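You will see chain A twice below: alongside chain B first, and alongside chain C after that.
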Partner chain A sequence: MTFKQQKMASYWLLIAPGLILFAAVIVFPVFYSFSLSFTKWSGYGKSLFVGLENYRNIFSDPVFLHGLRNNMLIVAISVFGQIPLGFLLAYMLHRKMVRGGEFYQTMIFLPITISPVVVALLWNQIFSSSGIVTALIRNFSGNSQYVMKIFEDKSQAIIPILFVLLWMHTGTYMIIYLANLQKINPSVLEAAQIDGATEGQMFFRIILPSMVGTITTTAIFAIAGSLKAFDLIYAMTGGGPAHFTEVIAIYMYTNTFKYYKYGFGSAVSIIIVLLSVGLILILQSASKKIEKKYE
Partner chain B sequence: MNKTKIKWNVIAYFVMITFTLLTIAPIVWMILNSFKPHSDIVRNPLSPPTSLYLQNFVRSWVQGHLGVYFYNSIFYSMISTVLTVIIAMGSGYALSKFRYNFSKIIYMFYTLGLLITVHSVIVPLFIMETKLGIANTRLGVIIPYIAFGLPFQVFLATTYVKGIPDAMQESAIIDGANYLQVFFTIILPIATPIISTMFIYTFLGNWNEFILVQTLTSEIAIRSLPVGINSFAGGMSRDYGLQFSALVIGTVPMIIFYLIFRDKIAQGFAAGATKE
Partner chain C sequence: MRTKRLLLTMFVSLLLFPSLLFSAGTKEPTHITTGDEIIELSVYHFLDQTDKTTAPNFAFLVEEFEKKNPNIKLKFEYGYGESFHDKLQTLAVSGQLPDIVLLYPGKRTSQVTDAGLVQDLRPWIKGHEKEFADMAMQGQGENGEIWELPEDISITAIMYTNNRLLKELGLTLPKTLDELLAQGPVIRENGLIPISMANKDAWPMQSCLAGVLVERTGGMEWFDKAIAGNGAGFDDPEFVAAMEIIKQLSDKHMFSPGTNQLAYGQGLDDFVNERAVYLIDGGWTVNNMIGELTDEQKTYMSLESFPDVPNQKGKSLSTSATAGQGFGMNAKLNKAQSEAAWKWIWFYSGPEGSAIRQKFGRLPAYNLAEPADADPMIKKLIAYAAKVPMGYVLDSVLGAEPIGAFNINLQRLMFGTMTPKQVAEDLEMMVDKIDRGNR
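Let's turn to the complex of A and B:
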């Protein structure tokens, strides 16, 4: 074997296992899913080509539309809740506004280790009739018969879930921003301080502009993560009661694995991919404009 | 001290303490309740346990098959994490140091893979595994675990290995070493810091994974802890004491894991959001 051949052989030996797995488990199924989405198929027998019928049915199904609305609320709570709160916490820690920052940081980041399923069941207990929320409200309002009714309301049932998502993920954003804030050269800030810059000026002129890239990247994560919100809601409510807390991923799951509508389910999963790519593209072009403004 | 600074410090303490309490209180409450019998939880949800009642743990461990699930979770997480990290390191080395043009295309494929979530391929994956006869087997869980770990881990490995100076590899090659030897004797030892980050990050993800095991398996004998806890606490058990003890069993090992490896976990998350 010549040296060149040896190099080439080593290359493929190192690359092939990953590439084969990646192609078989991710790339191929995406295309498979795409082709299935134009068919009607119940899992066995022949599949029937139906063109765009699945997509038409999905978009005229009120359950899907309500799920889509819930997903958009989840996107909103991630982008306008978790990200600003995470940033605020990171900034306070970075500027050493509290003593023992390490302790707070460890505690607030903690939910990251807990499985979404455990988080879901724990919060179900918290919201249950023998849970913390009910007990506290009963204590403070003096009404010992109080029962939480929020899950029985179609438009509000998602709110407790949004709160739990905030609880789970804010710490993650805090950690990401903290790591990136620490990369800002401290001598720049010192120089600004010597020149008499106020805290506010330093924040808006130095810190925020250097974080635009990171914020965009985390917003992309947030959007992609929001659309796949599944584990937590599946274990908490399963999309119920009466589809009030439905999200697209659960809609896909029930249609496929409960009603055996494989073609229909595939069409929903293609919609998830398209939606996340679409939202991310919009976000990227928006952030490019912001970055230009700061240049 | 000037007044605005003090005002900001007060606000900062308020925010930090509020967040810390909100995070910790539910977990403390869960642990306290796991030591109380069902009737006690329902009657006095907020009061601490009056005696050390361990029966919940014994019963949930036995009735809920938590021992089996625990073993399976360790099995899946360990094996797929080790394989993911080795494969990702090999790919990272190949993609960053061999200077072939098509490396860029392969790397781009992996980057696009970051956007594809389990949910968008679970339907075809289930069909494929059923046809191949690996649905409901351990292999059928480990393969997708590795594949879904790869895009991000390849990204971490490639970025890190790129930063290792070429000179080290070149002098070894001139001395007659082949590329695989360079990988095992030079690259891997230098890359230990990123390897441990990759390992811990991937392990955490695999340990908490839910939908793949939920969909691709149906037997208790091969299901993992999150799926086991969900079917156990969500379905059969009306006994809150059992539920709480099952949740504690699922949480406490990970809290210990977290307290030991917090910095590494944080690095994994931070690395994902850092541009260039």
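Let's turn to the complex of A and C:
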């Protein structure tokens, strides 16, 4: 064996365990799911090849389309709500614009340390028909039949969930940004200040350009996380009432595990992957353009 | 050459390493022994281990069984709610179905029973059929197979009534739907809920009310025809009429405010705290009522049927009921294991286990005399079951997908985004396509 061959063999040997595990738990399930998505299979017996029928049925199902709409709203609240708010809070704490920064930092980060199921129960206790807010309104208004109608409106029922998601995840982004802001050399900012730069100029000319990479990474997390959003919503509403708060992960779960439509459920999971990859590619292309602008 | 061999050996070892890791987690083989030795069986049961009533009762039952059968060791695994069914499906698909498993008589666990994974219990039950309620001995498979021995008769539609509140409000038990609707404004004016129902999970409206209304508006003959798709269907006027009653009750604010936002359990909570005059729920609720109601409350709470509806074709006082779930056994068990498994199944659903469960508030499928020392609510449940005609619960006769869609459509009906006719047509379309396989 030549030295080059030995080197190649040792490379393969070193990456083999990781590669095998990756193939077993990621590559194989994705390809298996992809092949299942063209079949009708209930979990037993032979699967029946149905071509694109599952995909056609999914895209003609109003429940899926409403779920997709809700997912897009979650993507929007994550990318345009959690990220800017997280950045703003991190910036304010980093620049010491508020007193008691550590207290705020802990309080804002706290929700992410709580289990989504506990968060769901907590907010349900506050907003549900048997919750505190409803009870208070009933007491003050004298209307014992009062109900918060927002939860019974098809287009608005998702709003309280968006609010909870904003409350829950902003802290994560704030911590990431705060850590990255702390990596910016303070002498650069001091030099800018001495040169007479305003807070706005420092923000747009120094801080923001050095954070583009971090913002892109967090946006990728936000998009991927939003499209697979499940636990909090399932525990809060189960996608109800009447599918009003349905998201595609719940749609996939219901069809796969309640109705035993494994082929159909696999097709939904492939759609989630494709949507996620598509949105991330768009984001990466946009971030490259921004990075070039600051080069 | 030696290096090559060494590299190859290491590579193969690494290849095998992940599979060794996975195989380390597989199920332990069941301990199979005969004679005086212990037979160990795995059991998968539907149980909320945090339930303060059911969990200790079940633990007591197991303890009693183990005392009487020291040579049978049961290893329990528990699931609850949807996760029970998810895990059951996973265990079945992966060929790791436990030795004894809790099953349902209807379509809920048909993915396991239809696949031939469990034994037909008829040879084991032979000679004991008359000891059970007729409903419990109805065939569960296509050829009349009995896959599980039902533990209870599950009455799903009881109108629990607070007679103290009724009296205080100057009202009497309504005999007709119109009388019930007329009580609504009086009850609400007093800050109370007419009918406590929590339908966030979407199944209570179907399971606890829709079935009984369909029996009333259509009668059992029509109901049978509609299920079979033989000369009747769920888009017939009979079914639409039942949907119209639900719509009417909702529009006239008879249900708990925000019923579709209320988690199951809230309905009972409002009733036991006397914020509601009526509660529509299943017979299983008695189990919880025993602990929740005071002795005084138990004297004025009664179990009633939904009042008569206009143009009624079904029977007055009827309710909906189904044979409950019960344990079945894996088809792969050998003779000794099957005998041990049957001992548990018979203990649980037969005379001994049934007597224990009855004491704790259940209505066993096994025919038992009314215990003299039973809780007043159990006595009321037994008396109720003996006097009322029983129709079908929709989710025990229709498939999971049509029922899943129907449950949601009932919520839409109440929100006014679907009409009674649309709900009926959608159900008929789904039943015809999925259950009857016609489209």
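Here, the second predicted complex is superposed on the first by the 256 of 295 C-alpha atoms of A that agree within 3 Å, B and C clash if a C-alpha of one lies under 4 Å from a C-alpha of the other, contacts with A are read in each partner's own complex, and residues count from 1 in each chain.
Everything that follows uses one rule, which is that contacts are C-beta pairs under 8 Å (C-beta built on N, C-alpha and C of every residue); 3 or more make two chains touch, one makes a residue touch a chain.
As the structure is a prediction and not an experimental result, all values here were calculated from the model.
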{"item": "Which of chain B and chain C A:257 touches, first, second, both or neither", "value": "both"}
{"item": "Partner chain(s) touched by A:24 [first = chain B, second = chain C, both, neither]", "value": "both"}
{"item": "Chain B versus chain C as contact partner of A:13, first or second or both or neither", "value": "both"}
{"item": "First, second, both or neither for A:172, with chain B first and chain C second", "value": "first"}
{"item": "Partner contacting more residues of chain A (chain B vs chain C)", "value": "B"}
{"item": "First (chain B), second (chain C), both or neither touched by A:180", "value": "first"}
{"item": "Partner chain(s) touched by A:130 [first = chain B, second = chain C, both, neither]", "value": "both"}
{"item": "Touched partner set for A:144, first chain B, second chain C, both or neither", "value": "second"}
{"item": "Which superposed partner A:107 touches (first chain B, second chain C, both, neither)", "value": "first"}
{"item": "Chain A residues contacted in one complex by chain B, in the other by chain C", "value": "6, 13, 17, 21, 24, 43, 130, 134, 257"}
{"item": "Of chain A, residues touching chain C in the complex", "value": "1, 6, 9, 12-13, 16-17, 20-21, 24, 42-45, 124, 128-130, 134, 144-148, 151-152, 154, 237-238, 240-243, 254, 257-261"}
{"item": "Residues on chain A engaged by chain B in the complex (per definition of touch)", "value": "6-7, 10-11, 13-15, 17-19, 21-22, 24-30, 32-33, 36, 43, 88-89, 92-93, 97-98, 101, 103-104, 106-118, 120-123, 125-126, 130-132, 134-136, 167, 170-172, 175-176, 178-180, 199, 213-214, 217-218, 221, 224, 227-228, 230-231, 234-235, 249, 252-253, 256-257, 262, 265-266, 269-270, 272-273, 276-277, 280"}
{"item": "List of chain B residues in touch with chain A within their complex", "value": "4-5, 8-9, 12-13, 15-17, 19-20, 22-27, 29-30, 33, 41-42, 45-46, 87-88, 90-91, 93-95, 98, 100, 106, 109-110, 113, 115-128, 143-144, 146-148, 150-151, 154, 178-180, 183, 204, 207-208, 210-211, 215, 225-227, 229-230, 233-234, 240, 243-244, 247, 250-251, 254-255, 257-259, 262, 265-267, 269-270, 272-275"}
{"item": "Touching residues on chain C, where the partner in the complex is chain A", "value": "3-4, 7, 10-11, 14-15, 17-18, 82, 85-86, 89, 92-93, 111, 115, 188, 191-192, 200-202, 253, 256-263, 266, 269, 400-401, 404, 408, 411-412, 415, 417"}
